[in-house]
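You will see chain A twice below: alongside chain B first, and alongside chain C after that.
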Partner chain A sequence: MTAADIVKEPSMLKQKEMIAHNYDLLTSAEARGQKVASTFVPGNLNELIRCFGLLNNLPEINAIQNGMRQLSGDYILEAEKRGHSEDVCTYVKADLGMMAKGNLAPNGKPLPKPDVLLLSYTGCFTFMKWFELVREQYQCPTIMLQVPYQGDGQITQNMRDYIVKQLKEEVIPTLEKVSGVKFDIDRLREHLAASAKAEDDLVWVLETGKLKPSPIDAYFGGVYYIGPIFTAFRGTQDAIDYYRLLRQEIEARIAAGLGPITPEGTMAKQKYRLVVEGPPNWTSFRELWKMFYDEGAVVVASTYTKVGGTYDLGFRHDPNHPLESLADYCLGCYTNRNLPQRVDLLQKYLTEYEADGLLINSIKSCNSFSAGQLMMMRTLERRTGKPGAFIETDLVDPRYFSAANVKNRLESYFQMIDQKRKVAATTGVHA
Partner chain B sequence: MRCFIGIDLGSTTTKAVVLDESCQTLGRGITNSRSNYDTAAAVSKQEALINARFTLLRRELSGLPGIEETLESDLASLERAFRQVQFLDQLDDLEATCRHGATHARFLTQKDGIEAALSEVFRRLRDEAGRMFVPRAQKKSDFFRDLAGSRFISLAEGVSKELKVNFEVLTNLYDKAIIEVENRPPSGAIDKKFLAALETIRAKGAKSFDSPEVAARVRQALSLPLEEVYVVGTGYGRVRLPFPKEHIRSEILCHGLGAHLMYEGTRTVLDIGGQDTKAIQVDGDGIVENFQMNDRCAAGCGRYLGYIADEMQLGLHEIGPLAMKSTRNLRINSTCTVFAGAELRDRLALGDKREDVLAGLHRAIILRAMSIISRSGGIRDQFTFTGGVAKNEAAVRELRKLVKENYGEVTININPDSIYTGALGAAAFAQRAANA
Partner chain C sequence: MNTRQTLVERCSALFEDLSFGASRAWKDAQPGRKVVAYMPVYVPRELIHAAGMLPLGILGAGESLEVIHGDAYYQSYICRIPRSTLELGITGRLDFVEGFLFPSICDVIRNLSGIWKLQFPDVYVRYFDVPQNYVDGIGGSYYRRELEELKEGLEHLAGRLITPEALRASITLYNENRRLIAGLYALRTERPWQVPSSELYLVVRAGMVLPVEDHNQLLKDYHAAAVEEELPIRDKSRIVLSGVFCEQPPLSLIKAIEMAGCYIVDDDFMLITRWLLQDVPLDGDPLQNLVDAFLHHSAETSAKYQPEAKLKGQYLVDAVKGTKAEGVIFAAPSFCDPALLERPMLQTKLDATLVPHIGFKYAENSGQMQPVREQAGTFADSIKLWSNP
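Right after this comes the complex of A and B.
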């Protein structure tokens, strides 16, 4: 298949333009005198950053871009040459390697030096170390927002107050200092209102996975759908427009009874409905997706599409409670939830989305995601009676993707579902 | 006769199983996987069909009065004679291919010498062939490449000195020719080879096949058409099989079902093959409930033992028995093939005995398998161990120890034909698909 054959819908083209424009803004920031904040996807405070006229540069997104563009392998080698070991998170190494090799954005121009590092700590320990390394390189101000982990599976008022206090006393004053712009809470309210609008449409889109046939793929397609809201566009008119457009497209697919769109066109048959846990593999993204749609496997719900916010559980950014809602947003991110909460969420998906089973993509270099995944799978098998399976890949290290191994496991899993169905059909016992 | 065939294309060997209508095994065949999976599939299938003829012969002749005493030994002689006919046939092909290779322009000046040397090497190979197929002959392998290869090199060395022909030239010709020969299935009609083998053993005095009634039954067994109703492929090379998609099954499912058919009580299956290790949990009907396998790296798989054997300049079949002689527990930490090689050399340099190091390496591979088993849900009674490594007694010893330590008393099944487990499961799927 050539690039020209790949089907692009208007929403995809719109997102592509948004991303390209954002990179153009980033790479011209220094020349234009605009300041830049670096921050991570989970718990990102995009609305707040925008209040200070700062641009938002997301290192994991750069790593993902480089993974999909087949550049991460070289960057990782470069980082390893500089002393980062093989088992370190490959987002980190791809980012550090990219910085070492000219820090070029997809438009071929160098990314700017950050003016501030804003770490909103939401469960990933590696993020802290990552910014320590970046700080060492750029010697810029660093803000660390301590978000309490939901160890007991609930958000208390204390936790919320603690975050709000930090926002008031630490985050906002530092951003004011870096940007030279005074904080305006009404501006924040406007951005939050805009966020909520887009979030409504995103949730509507993700929940169409409950339909049969599903008009979306909530993992491979889903990572595109979460793009704008998880990154630099939350709280912007662009994001509102993108989600409105996407929603219209999916409404049309539903009306026409169509399945999700894949790089090779509309998926015709849907034999297996799966829930997927874990981030995707980015270096062989297309190849992995093909292994699903070739077999008629559609992902109806995934947890990865919740790392930047669990909007489908009801959370919305709220202009009436601006700082509190930023606190709740950070506390509720998927990576900040404890294992029982993750199991409950997956169980909800398996049941409500009427899935055939759970597939876990266990990421070699991501302990934060992988720890406990096997236990989660067992618990869910026991609770739902639905079969689970495990594949092992990596984020952006191409060396850790073995197509034959993954395909073998996937095919075995799909055939296992078939076998179980046959047994259920003959005995009348349904899993 | 309606036949259902399963073919398991492994990374090292390709296996085939033929089942009859009642799901009884008629025949099994194995060959090396080579670089050409189509040929490997064709050869293993042909081998299984040949083996099926012997089963049919045995079925036809069992219980016939007057031959009870001699039948089994005569059938064994017949099989050896058949193998010899087949071997000589392939040897003819190999010689013709070597001779054709020798016509290349670059050999022009040495043409006569090379031809004379090839004639002499192949004459000696044919002379020796009889000894390879006597009862209880020790053979390192059943594959033509190994059988012919090791003797060719050895004989060519002597002949090249005697006839003053460059030894390298002979081995080059052989290397090129063997690839061609093994990539085309043995030619010639199988029934003709059977008849030739029958003549040979009759001439040597085999009694069982003398009477007209037996002769008629033999003809009956040899001429019965074997109809290939449905073929299912599995194993790593399955996508390369020239089969439609519905004729392909995952090896996880095939191993699960195959193990269930061998031992009905099986609940956990461990398969250690050439390049992967699989732990499979099955229900009472052989249906897979869960599985785990090694990830991107082949550490702790059959190839690991192959690599170790190479490092120690031993045959793969020799390392198990040598490890059994170990008297000391030596801990080898690495299942990484490359690290283990380094650790092995290090240990030997420090003066540790080869058998102790080997026993430690066997333990390391089984430890790795134990980890995969526990991730799949642990061991439930009964436990069936399959794959090439199940033939290695030192690996089995370590497995028994570790199973007992971790899971207590568990029935451990190891079938002598466990290498055919995946192919058996595939054949059973073929039978089910055809009768669905």
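Right after this comes the complex of A and C.
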């Protein structure tokens, strides 16, 4: 299938334009005199960054782009050649390797040196080391925003206060200094209100996975749906427009009784409804997706689409409580929740989305996601009676994607679901 | 008589006992006693002790325990310490433990706290988060409240309040413990032939399972015995061992490094025993004193954020200078994110100061030590032959 044959909806084209425009802004920032903050996706403070007129450059998104464009393998090797262990996160190595090889954005132009590193490390310890490593290269001001982990499965007032204090006393003053722009809380409120509008539509979209047939694929399609809101666009009119357009497309699909769009067109038959836990593999993204839609497997809910915010659990950015709202956003991201909370959320998805089972894509690079997933799967099988399956890949290291192994596992899993159905039809006992 | 040999034999027996007989004996000695386990890298043991409970350090299960159940919980690309720790739990070896603290060190140990909650619902489990912000009014306030929450949890578990007097008494004992261990480390730096690291390791490791009162006596006895008995001086290279702060290497790895021609003159084993770098003051509010000690007088390791870019890795350079070491051996557990992500930054710092270094990985059950011996031996020889006088 050539790139020209791939089916794309207007919302996908709009998102593509938004991302391309953002990369153009980033690569021309220095010439235009605009300043840039590098920061991470989970727990990003896009609304706040925008208050200072800063652009937002996200290393994970660069790594994903490089993974999908088959560049990350070389970048990882470059980082390993420079002494980074083969055991550690490949996002980190893809980023460092990219920097070593010219730091080129997808538009072929060099990314700018950031004016500030905003380290908000939500739900992943590696982020902290990542920015210490990046700081060595850039020698620019670094701001640390520590987000406590929900070890006991709840957000305490102490956690919230800690984040708000860091925002007030360290993050905002440093951003003022770097940007030369005075902080305006009303401007932040406007961005937060805009975020909440887009978040409403995103939740509406994700929850259509409950319908039969599902008009969306909440994992492979889902990563496109979360793109704008998880990255540089939350709090912008562009994001509001994108999600309104997406919603309209899905409303039309529902009215026509259609399934999700895949790269090869509308998915006709939905034989298996799955919940997926874990990030996708980016280097063989389409190949992996095809293994699903060829078998009639649609993902009705996923946890990866909550890694940059758990909006479906009710959270919205709140202009009436701006800093507290940013704190709660950071604290609530999926991987900042403890394992029992993650199990509860998956159980809710398996039940409410009437899924046939749980599939875990266990990622070698990501201990934050992966450590504990086998126990999670067993606990959920016990609680719901629904079968679980486990595949292993990586984020952006092509060496860890074995198509034959993954396909075998998936086929066996689908046979297991078929068998369960047969038994249920015979005995009348359903999971 | 407490000779070096009898003391080391006792420590070795404690090290090998994966049923934790000494800790069980302490518990059984009086009805109502409770035990609170903890993992690396730091928890304030003073609070557990002040509640009348025994802090028990769990550093995995070493090389002798066959991990069967634990492997079913973890993928092959995750380090070994969580799987062997789970093995200890599932096989009942930790059935006498009422509480378990999982400190903020990495995502694997963090997630193990959740596994423990699911697997052992009757155990008091707490993920012990610490500030990465060292400003009194920001990270300090947060940490103070975290300690208060921990204190409340421990009081509930123990069924008694932790009074300021009890906490001061515990701080006194742990101050002494830290001083005694620092004294042994200083002795090893000065006369490494007198304090073989394979012995020092066992002596300090005993403090993970013994009550602090007993461990303090053991440390005093060993110090006296180490000074008393003269051991021959060897022509070895002085090295710092870095990266061993969580999953432990087999004892044979420490011996292999020593036998290959190295004196280990500093290391980051069991940092909890040397985390607080000064005595915690006894006057005033003892809880606040623990907060202040953590913020302003605590050790550095890769689990901590270094706010000052230029100071990144300086702790290792200081350790090399302070101990007159001639090189650094980086030994890290396979798949250890903190150690392996930190290593390139430390290497850059060492390169800038012309300190030679080598690195390798291990697992707690690594069996083949010949490659380590060859690598360490070549390193020791290269230092002797080519380093600046």
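Note that the second predicted complex is superposed on the first by the 431 of 431 C-alpha atoms of A that agree within 3 Å, B and C clash if a C-alpha of one lies under 4 Å from a C-alpha of the other, contacts with A are read in each partner's own complex, and residues count from 1 in each chain.
Note that contacts are C-beta pairs under 8 Å (C-beta built on N, C-alpha and C of every residue); 3 or more make two chains touch, one makes a residue touch a chain.
Every value quoted in this text rests on a predicted model; they were computed, and no experiment measured them.
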Message: Quick check on the superposed pair: does A:170 touch chain B, chain C, both, or neither? Answer first, second, both or neither.
response: second
Message: With both complexes overlaid on chain A, does A:419 touch chain B (first), chain C (second), both or neither?
response: first
Message: Quick check on the superposed pair: does A:211 touch chain B, chain C, both, or neither? Answer first, second, both or neither.
response: neither
Query: Of chain B and chain C, which one touches more residues of chain A?
result: C
Query: Which partner does A:374 contact after superposing on A: first (chain B), second (chain C), both, neither?
result: both
- prompt: Just chain B (first), just chain C (second), both, or neither: which does A:388 touch?
  reply: first
- prompt: Which partner does A:25 reach: the first (chain B), the second (chain C), both, or neither?
  reply: neither
Message: Tell me the contact category for A:254 with respect to chain B and chain C: first, second, both or neither.
response: neither
Message: By the touch definition at the top of the document, which applies to A:148: first (chain B), second (chain C), both, or neither?
response: second
- prompt: Which chain A residues contact chain B in one complex and chain C in the other?
  reply: 364, 374, 392
Statement: As the complex stands, chain A meets chain B at residues 364, 374, 378, 381, 387-390, 392, 399-402, 404-405, 408-409, 411-412, 415-416, 419-420, 423
Query: Can you list the residues on chain A that touch chain C in the complex?
result: 82-85, 87-89, 92, 124-126, 128-130, 132-133, 135-136, 139, 142, 144, 146, 148-149, 151-152, 156, 158-159, 161-162, 165-166, 169-170, 338-340, 342-343, 362, 364, 367-368, 370-375, 379, 392
Statement: The answer for chain B against chain A in the complex is residues 236, 249-253, 276, 285, 287-296, 375, 377
Message: Please output the residues of chain C touching chain A within their complex, sorted ascending.
response: 72-75, 77-78, 82, 102, 104-108, 110-115, 117-119, 126-129, 131-133, 135, 137-139, 141-142, 145-146, 149, 302, 305-307, 309, 312, 332, 334-338, 340-345, 347-348, 361
